[in-house]
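Next come two complexes, and both contain chain A; in the first it sits with chain B, in the second with chain C.
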Partner chain A sequence: METLTVPGHLDSLSIIGAYIMDAARNAGLDTRPAYRLRLAVDEIATNVITHGYEEAGKEGSVYLTASSDSAALTIILEDTADPYDPTTRAQPDSLDLPLEERPIGGLGIFLTIRNVDTFAYERRGDRNRYTFVMNLPAS
Partner chain B sequence: MNDFKVGIRHMDTVTVFDLKGYLDAHTAPDLEQAFLSAIDGRKYNLVVNFRDLAYISSAGLGVLMQFIEDVRKNEGDIKLSNMSPRVFNVFDLLGFPMLYEIYAEERDALEKFRNNVTHPPYQKPDTGE
Partner chain C sequence: MEITITSLSDVQHVLLTGDVDGKSAPEVLEAVLPLITPQAKLLLDLGGVAYMSSAGLRMLLSTFRQVGMQNAKLVLTGVAEEIRDTMSITGFLHHFTICDSVEAAQAALA
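Let's look at the complex of A and B:
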């Protein structure tokens, strides 16, 4: 699918969600895994917009590209915020913490990793690149 | 644009929030406002009905976490009801069923408040202090 470019603001989340659901439909992904993929991308996009852009006082865009073959649907999300690798912080240890001490941001990343088949991070030039893969059922 | 709406109903001593649409980091402040207005009015017996909620991300769960301590300190509770399986799955992955009472039907949550039952799962373990 054509790359979607949206401003790094929280009101872009609904457009991002719609793009993911379209991509899932086009790839033949069932509703349930489509919803899980949407959640995974939403959580990372929220982190990028909130921490990478807004709290850092930066303006930037979020870039999404969907591609699929017979085996999998892959979503790539990119941003131009400072380098940030969530895979180093995705410890579900906080589930053992008392309610009031749980960091909610960490829970979002945990949801991302649990809901997709593969999640990866890399820094490419001035961009963070997050890759989400959902395997497709064998037809 | 995805819409999110919070309806507020007063059922006896209980305030019920009816959530509708998409609850994400963009719309979570609307839910936060609804909780604030209830708590400002000293309403601490709260039920959140998820029947018409299509989507929730961790930002929505964050709002529930933000208010639960305050509500329980005031001898109230936030009980949850009518979740679809996909919404429940998000709560389940994050261990929320240990921390919140989740009911299939709103009337069961209301009944719990009526009977004023105390809820052992919510008490912190006795550390012997």
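Let's look at the complex of A and C:
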């Protein structure tokens, strides 16, 4: 699919969601894994926009590219915020705590890693690149 | 995001229509928190919500805490399967009372 470029604002989340669902449909992904992929990408996009751009006082775009073959659907998300590697973050160890004692954040990255078959991060030039892969059922 | 608040006798019925994401979750919280007065009965109806991210979980967490502090009651209804999945793997699900219909939720709040 053609690359989607959207401004790094929270208003863009719904456009990103629609793009992912289109890509999932085109690739023949079932609705449940399609939802999980959307969730994974949305969590990273939200982090990029909120922490990478807005809180850092930066303007920038979010770039999304979908590609698929018979084995997998791959989404690549890029941004020009400061380097941020979510794979080095510890997973939350608070999932069993009563809700009264839970930290209020930290669930987004957990949901990303948990919901896709492969998640990867790399820094390329001035861009962060996040790769999400969903395996497709053998036809 | 559309937020429709209706009083069903002593129950505040909050119907959400749209995605609960990083953009809309703070709007939902802003609408819900003032309803949580002492002993309030809140029915949060996700019947029009097909998608919820962790921003929605944070909204639920803040709502849950306010309900506890005010000695109020909270019941959810209209929770889509995918949203239940998200609530389950994050350990949220068993903390909430979830009913299959508005009527059942009203009964649970009575």
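In this section, the second predicted complex is superposed on the first by the 127 of 139 C-alpha atoms of A that agree within 3 Å, B and C clash if a C-alpha of one lies under 4 Å from a C-alpha of the other, contacts with A are read in each partner's own complex, and residues count from 1 in each chain.
One rule holds for everything that comes next: contacts are C-beta pairs under 8 Å (C-beta built on N, C-alpha and C of every residue); 3 or more make two chains touch, one makes a residue touch a chain.
This structure is a prediction, so every number in the text was calculated from the model and none was measured.
Touch criterion not met for A:120: it reaches neither chain B nor chain C. In the superposition on chain A, A:42 makes contact with both chain B and chain C. Legend: residue contacts after superposition of the two complexes on their common chain; A:56 is shown touching neither chain B nor chain C. In the superposed model, A:71 lies in contact with neither chain B nor chain C.
Overlap of the chain B and chain C contact sets on chain A: residues 10-11, 13-14, 17, 32, 35, 38-39, 42-43, 46, 49-50, 95, 98-100, 102, 104-105, 107-108, 110-111, 114.
Interface residues of chain A facing chain C in the complex, by the touch rule stated above, are 10-11, 13-14, 17, 32, 35-36, 38-39, 42-43, 46, 49-50, 95-100, 102, 104-105, 107-108, 110-111, 114.
Contact residues of chain A toward chain B in the complex are 10-11, 13-14, 17-18, 32, 35, 38-39, 42-43, 46, 49-50, 95, 98-100, 102, 104-105, 107-108, 110-111, 114-115. Against chain A, the residues of chain C that register as touching in their complex are 19, 21-23, 51, 53-55, 57-58, 61-62, 64-65, 68, 82, 86, 89-92, 95. Of all the residues in chain B, the ones that touch chain A in their complex are 1-2, 22, 24-26, 55, 57-59, 61-62, 65, 68-69, 86, 90, 93-95, 99, 124.
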